[in-house]
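Note that subunit A is present in both complexes that follow, paired respectively with subunit B and with subunit C.
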Partner chain A sequence: MRFDTIIIGAGLAGMTAAIRLAESGAKVAVVSAGRSALLFNTGSFGLLGFDTAHNKVNDRAKALTELPEDHPYSKIGAGGIPSLADEARALLERCGLAFRCSSNWNNHDRISPLGIFRPAWLTLDGLICESTLADMPYRRAAVVGLAGFLDFYPRFIAASLRKAGYECDVFTVDTPDLQALRASETEMRAVNIERTLHGYGLIRFAEELKKLNIPSDATLILPSVIDKDELEIFNQFLRRPFLFAPTLGVSLPGISIHNAMVSRLKELGGRIFNGHRVNGADYEDNRLTGVTTDKLDDDRLVADNYIFAAGSFFSHGLMAEPDSIVEPVLGLDVDAPQERSAWFTPDLFGAQPVMKSGVATDGDFKAKRDGKAITNLYAVGSVLSGADSVREDSGAGVAMLTALRVADSIIKHN
Partner chain B sequence: MDLQNENISIHNFEQCTKCTVCTVSCPVTPINPRYPGPKQAGPDGERYRLKNPEFFDEAFKYCLNCKRCEVACPSDVRIGDIILSARLKHTKKRPSLRDTMLAETDAMGSLATICAPVVNLTLSMSPVKYVMDRTFGIDNHRRFPKYTSTKFVTWFKRHAASAQKQYTRQVSYFHGCYVNYNYPALGRALVGLYNAVGIGVNLLERERCCGVAKIANRLVKEATRDAEINLTSIRKALADGSEAVIATSSTCCFTMRDEYPHILGLENGDIRSSITLAVAHLSRLIERGDIKLVFREDYRRRIAYHTPCHMERMGFTPYSISLLEAIPGVELVVLDSNCCGIAGTYGFKKENYPTSQAIGEPLFRQIADVAPDFVATDCETCKWQIEMSTGHEVKNPVEILFEALDVEATRRANNLNN
Partner chain C sequence: MKKLDKHYDVIVIGGGATGAGTARDCALRGLKVLLVERFDFTHGATGRNHGLLHSGARYAVTDRESATECIEENMILRRIAANCVEDTGGLFITLPEDDLAYQQTFVEACQAAGIKAEAIDPALARQMEPAVNADIIGAVKVPDGSIDPFRLTMANVYDARLHGADILTYHEVTDYIRTGSRIEGVVMRNHRNGGEEVRATADVVVNAAGIWGHLLAEKAGVSVKMFPAKGSLLVFGHRVNNIVINRCRKPANADILVPGDTVCVIGTTSDRVPFDSVDRMEVTPEEVDVLLREGVKLAPGLATTRILRAYAGVRPLVASDDDPSGRSISRGIVCLDHASRDGLEGFITITGGKLMTYRLMAEWATDMVCRKLGRTNLKCVTAQRPLPGSESKKNKSLKTAGSKAARGRHGSLAVNIPSDSASDRALVCECENVSVGEIEYAVKDLHVDNLLNLRRRTRLGMGTCQGQLCVCRASAILEQHDGCTDRHLDDIASFVNERWKGIRPVAWGDAMAETQFTSWIYGAVCGLDNRRSVDEMV
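Presenting the complex of A and B:
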């Protein structure tokens, strides 16, 4: 099957590139071997939360210029970041997603699932962050946990809010629907709860919340377990302000971002090869001429350009062998410390060199193989080397900005 | 390291990272809290069961074997296979008469076609349904598929077989029970379509049910016997010059490609890629420039495509979609990929009926919203379920392609005379 561009990986990076290219009229296909790290996204995107010295970034422009030259942002060039960041946000909005951010193009504070204030670039509207907290009618909140739900920490969140100067109480709510779900306690997950809090289940939930004697001036802080299409009904029955806080594990905000991007791509005519693992590639003179997948028997997927967005270790875009770090599918070069002993430092909370490993690329994100750049194969997102996205809190930014940079250069060359 | 590499456990279960992605893609867990969910029933529980079979839970019977968990898993764990294998190995109760009846699709089908009008009438009468409900546990809301009075195979032998020899290229058609007993129109469409592009269709020397219903109802010995007959016939057909063995049912195709080796332990690596769906085979031939399809100009339809679970698992959905999209007058809406809830014989069982309908609910709602002229799908049980639950007609893509085909123009485009 023939396409203009084939994207390997349906995470934030792959979907961003695919949508951008499809919007320009290109025929794209996304191949994806399983669900991506987006499902764990808390609804907040990081662009650069912490600088090289691991201090919270206050002046983002300055922090960007201080990054080492092999960092993906340095390859884009610090000057190019703001416009790409705006482009990324606009793309998400075209997917029907609404975000909060800070007005001065800097980070804002959001609350993590463990109740810690962390810097973020964009936060999904409706989730608790600096800007939504400022919208609360009074400086008073009530964090409500669900009985038996272990992926949400009301006390931690309340403690952080109190520290930030809010009055805050903690409550627990239970409903017959939640009781029934608890029959299988390991299945008390945000997504399963969401499916029981629909229709009458949601109305019963609102009724139970009303019985809790929560002070009338408090804004409710609930775990994100309610489908956004149900919010109107919920509002009608609850009749008081509320915000959501993220949960651990597979999260509803993450799924809603994933679904919105998939719908947008489908609308634009992009094709998705769900559940296909790319397992081989043919090269000719530094060009990729086609890829195979584990599902297509003898068929090959062929395109003018290819984008490799297979993610990091979690998604198997990278793999750790006993003595090396490899890219297991396309045979690409990997930047990583040679010796296993150099992967780690003894300080558990310190920077771990292994986290910066990834596919080697040239300045235009063309992937390298045997030291040479493949002319029609780009790597984007967390499969790239040079960023320690967990420590820097830069995962979403690196994914989207590198994807847009590559998509833009493919569009320009056509 | 070698030790690690050489000790790959069955169905990849040690690859599990406990990420719970599978749990959130299971259609059963949110609806039936008694079901422990894919992660718990699958890789988690398997660790314990290896030590002590007492950890087996009868509630695993609620698994639909839809394999949606496997498609979602980022680490290629064959969760559905783990659960199904555990059920086959550890379930203590013998399959009931009801389960055996539902599973014997061949025997039931043969009996029913002989007296089709009577059977259809009988199955649709409420006292009969009441007795089936009470005595056998077949839910009385269930509408049974209609049995035809002329089996596909009978039609083929009488009206099509002799004409096939004129074609140099040949494929073998695995029609499956449903086409044979209930939906011969699909089989006729397939023959018409292939003949129009100059390819002859033959039947396997012996075809038995693919075995999906027997596997689901734990009749492993019987399923294995049928599977062996099918594999022998397929090997013979390929040796005799068939280019491929094609099916029109995604589930039959999936069962022969993947459940035979993974669940029944029957090696099929030598022929697996030659067993395929007609839509995949046709797409491949079109892509290579071997054949051309020319469609009628007056064909105008709004079609909603539903992705069956096993189609999703095989990864063949893009074939059906691209073929349907190639028909100029078709406006195709691809529905969100959700399970319809029937899962073969699962939804026929009284204890599963409410779960089955609740699972299908989002799909039925979306179909109502899209309001298509009809629904397209590659699976026969999805067809029953959607027709029963939405009132919309459901067709197989092959039938649609043939309906939209300009046969004369197609024959000319493929250099066939007359």
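Presenting the complex of A and C:
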């Protein structure tokens, strides 16, 4: 099968590149083995939350110029970041996703599932963050937990809001629809609850909320377990201001971002090979000429350009052998500390040198193999070396901005 | 400064198996007991060993006395601690590179020590335990098993409390109350209360602090020459074997593979380490390599099994008094009356020995306490009386995964676990099937107020995922009991980092993927990366 560009990986990076290319009229295909970190995203994206010394970034422009040379942002060039960031946000809007973004050059504070304020670049509309809360008419909040739902932390969130100067109480709500779910010991999870709180289930939920006699001057803070397409009904019945706060585990905002991007790509005619694992690649004269997958028997996937966006260790884009870090799909060169003893430090939340490992690329993100750049193969997102995206809180930014950079350069060359 | 308003017959220092066993024995004999532990129960070597119910066969050739003690205690523990013991049976295998002639010596030595050892056809051994190295040229069947040291210790604590003992965790003995040449009590620092000083008095103080007993003796002005011997082990993600597999040769590194609960454990190494390192044992890459290399010889399947974590404990080996050089170190029990030995009244040290002989150690120490108190009429009953949870097994029918797992962990005490409502039955830890009700029970009855306590009582966070989502769920339940939100946020960060300590030496393959996930979820998503990590060692 022939395409203009084949993208390996359907996470934030792969989907961004695919949508951008499809919007330019290119025929694209995405091959997805199916373990995207996006499913655990709580609805906020980071571009650069912390600088190299792990201080909270206040001046993003300045922090970007201080990154090491091999950082993906440095390859883009600090000057190129603002326009790509705008482009990223516009692309998400075209997917039907509206985000809160306080100003282009500063982070805003989101609130984590445990109530901790954290810097963020974009936060999905409707989710709690410092500014959405401040926009509410009242300085009073009521955090409402669901009976038997263990992945939402109303007491932690309330404690944090109190510290931030809000009057805040905790309530627990139950509805008959949740009782059936609770009968099983493992079913009270965000995704299942969302399926239960639909239609009449959602109306009953709103009615139960009203019965709690929560003071009328309090903003309700609810777990993000309601589908955004249902919000209109919910609003009609609830008739009071509310915000969603994130839950842990597979998360509804993350799923809805993923779904919105998939729909957008399909609308544009993009093809997605779901559940396919790339298991072979042919090279000729420093060019990738085609890939095979475990589900396409004799057929090869062939394209002019390839984008490798398979993610980091979590998504199996990188693999740690006992004594080396490898890229297991296309056999690409990897930048990584040599000895296992140099991979880690004792504090899990400190800098772990191994987390900067990734595929080696040239200045245009062309992936290297045996020391030479493959002329039609690009690497984007967290499979790239040079960023410790967990510690920097830069994962979403690196994913989208490198993907857009590469997509733009492919479009320009055609 | 706070003074406990009660005078005790005996204060036992150390919340490992020996200390808990001694407190129980004393309490069962009717003595007024205070048990003091500087951090949490099973914090030391008790929580960092193989979990092997030795038949004694391992020592039969080299140390007859230990072998005999082992097999006797083995039989007793099967009776009194049925809920902590799994009768897996054991094999001593001979590999082509080993000397098959040793097998005969071994079997004879076992029989002389009273251990039922029976040489069997290697083909039969392969049939009994399909995971065993297929190349074996010899096999001996012995009555090994596995034992859960966490449950065992807590059952002793529980029974001691039932019989009137007072119990203080997170209280570290910093000094003694003394008059002339008599110890009359202890001065403690309460780690949970800003380091408040607490005093308690007693007629006798028992030092049962494992390797830390060396320092406690020193503090009392007497010398017990201990040698810290580090033993490292690896935990695998599932049970590769169902029968304990040993190498039939003189004891060496990594020659025992023990199945226990949902995992199996290969160990150990044995190396002398300096005293100043005993609070911070780390498993080195070399130790990981040797454990894997030797372990694969016992059961080749280990080569392709995920390693969950590595850990190390410190054995309190003791040099005999007439050999201060430490050359003739024994694994036998050492029970010292410092009055006759050093002229210090009111102070006993019980040390040496091993997990298998904890009950006998407790009996010796309690006998000595009774002699000192002049109450030798009080007789030991611990060899006969079952531990709580290990009484005869009759129970309501168990339907849910959580209640079955809880029955396994808490035995007949599982009836105390709330399970009437759906909310109680909801699972917090899906790897080890720990329910909300079990956590509530642990808070109420098992001295739990942080995640580490909870892991040691319930196995929460010990399964394949090594504590991912279950940690926040459990912490939120604990927080409801005291409302100390900040302390529990610190606790989550500490717990995740404590798990990391054990994962780090073996973090490749899936462990690397999950490490990245954990640091992302807890660090970046939840925002715990700037929390103060509370280290129990500080």
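Rule of thumb we're sticking to: the second predicted complex is superposed on the first by the 412 of 414 C-alpha atoms of A that agree within 3 Å, B and C clash if a C-alpha of one lies under 4 Å from a C-alpha of the other, contacts with A are read in each partner's own complex, and residues count from 1 in each chain.
Just so it is clear, a contact is a pair of C-beta atoms (placed from the backbone, for glycine too) under 8 Å apart; a residue touches a chain by one contact, two chains touch by 3 or more.
All of these numbers come straight from a predicted model, not from anything done at the bench.
Asks: For A:123, using the defined touch cut-off, is the partner it touches subunit B, subunit C, both, or neither? Pick first, second, both or neither.
Replies: After superposition on chain A, A:123 lies in contact with neither partner.
Asks: In the superposed arrangement, which partner chain does A:34 touch: subunit B (first), subunit C (second), both, or neither?
Replies: Touch status of A:34: first partner only.
Asks: Is A:376 in contact with subunit B, with subunit C, with both, or with neither (first, second, both, neither)?
Replies: Neither partner.
Asks: Please tell me which partner, subunit B or subunit C, touches more residues of subunit A.
Replies: More residues of subunit A are touched by C.
Asks: I'd like to know which partner A:314 touches here: subunit B for first, subunit C for second, both or neither.
Replies: A:314 contacts both subunit B and subunit C.
Asks: After the superposition on A, what does A:186 contact: first (subunit B), second (subunit C), both or neither?
Replies: Once the two structures are laid over each other on A, A:186 reaches both partners.
Asks: So, does A:344 touch the first partner subunit B, the second partner subunit C, both, or neither?
Replies: second
Asks: Look at A:247 in the shared chain and tell me whether it touches subunit B only, subunit C only, both, or neither; answer first, second, both or neither.
Replies: Once the two structures are laid over each other on A, A:247 reaches no partner at all.
Asks: With both complexes overlaid on chain A, does A:1 touch subunit B (first), subunit C (second), both or neither?
Replies: In the superposed model, A:1 contacts subunit B only, not subunit C.
Asks: Figure out whether A:274 sits in contact with subunit B (first) or subunit C (second), or with both, or with neither.
Replies: first
Asks: Going by the contact definition given at the top, which residues of subunit A touch subunit B in one complex and subunit C in the other?
Replies: The answer is residues 40, 182-183, 186, 249, 314, 316, 321-322 of subunit A.
Asks: Which residues of subunit A touch subunit B in their complex?
Replies: Answer in residue numbers: 1-2, 29, 33-36, 39-40, 180-184, 186-187, 189, 191-192, 195-196, 249-250, 255, 266, 271, 273-277, 293, 295-299, 314-316, 321-322.
Asks: Sort out for me which residues of subunit A touch subunit C in the complex.
Replies: 37, 40-42, 46, 49, 54, 112-118, 147-148, 150-151, 153, 155-156, 159-160, 179, 182-183, 185-186, 188, 248-249, 312-314, 316, 319-322, 340-341, 343-344, 346-349, 352, 354-355, 390-391, 393, 395
Asks: So in the complex, the part of subunit B that touches subunit A is made up of which residues?
Replies: 1, 17, 19-21, 23-25, 29-31, 33-37, 39-40, 44, 70-76, 273, 276, 280, 283-284, 287, 312-318, 321-322, 334, 337
Asks: Considering only the defined contacts, which subunit C positions touch subunit A in the complex?
Replies: Going through subunit C, the ones touching subunit A are 285, 400-402, 422-423, 425-428, 430, 435-436, 469, 472-473, 476, 479-480, 483, 485-486, 488-489, 492-493, 496-497, 500-501, 504, 507-509, 512-531, 533.
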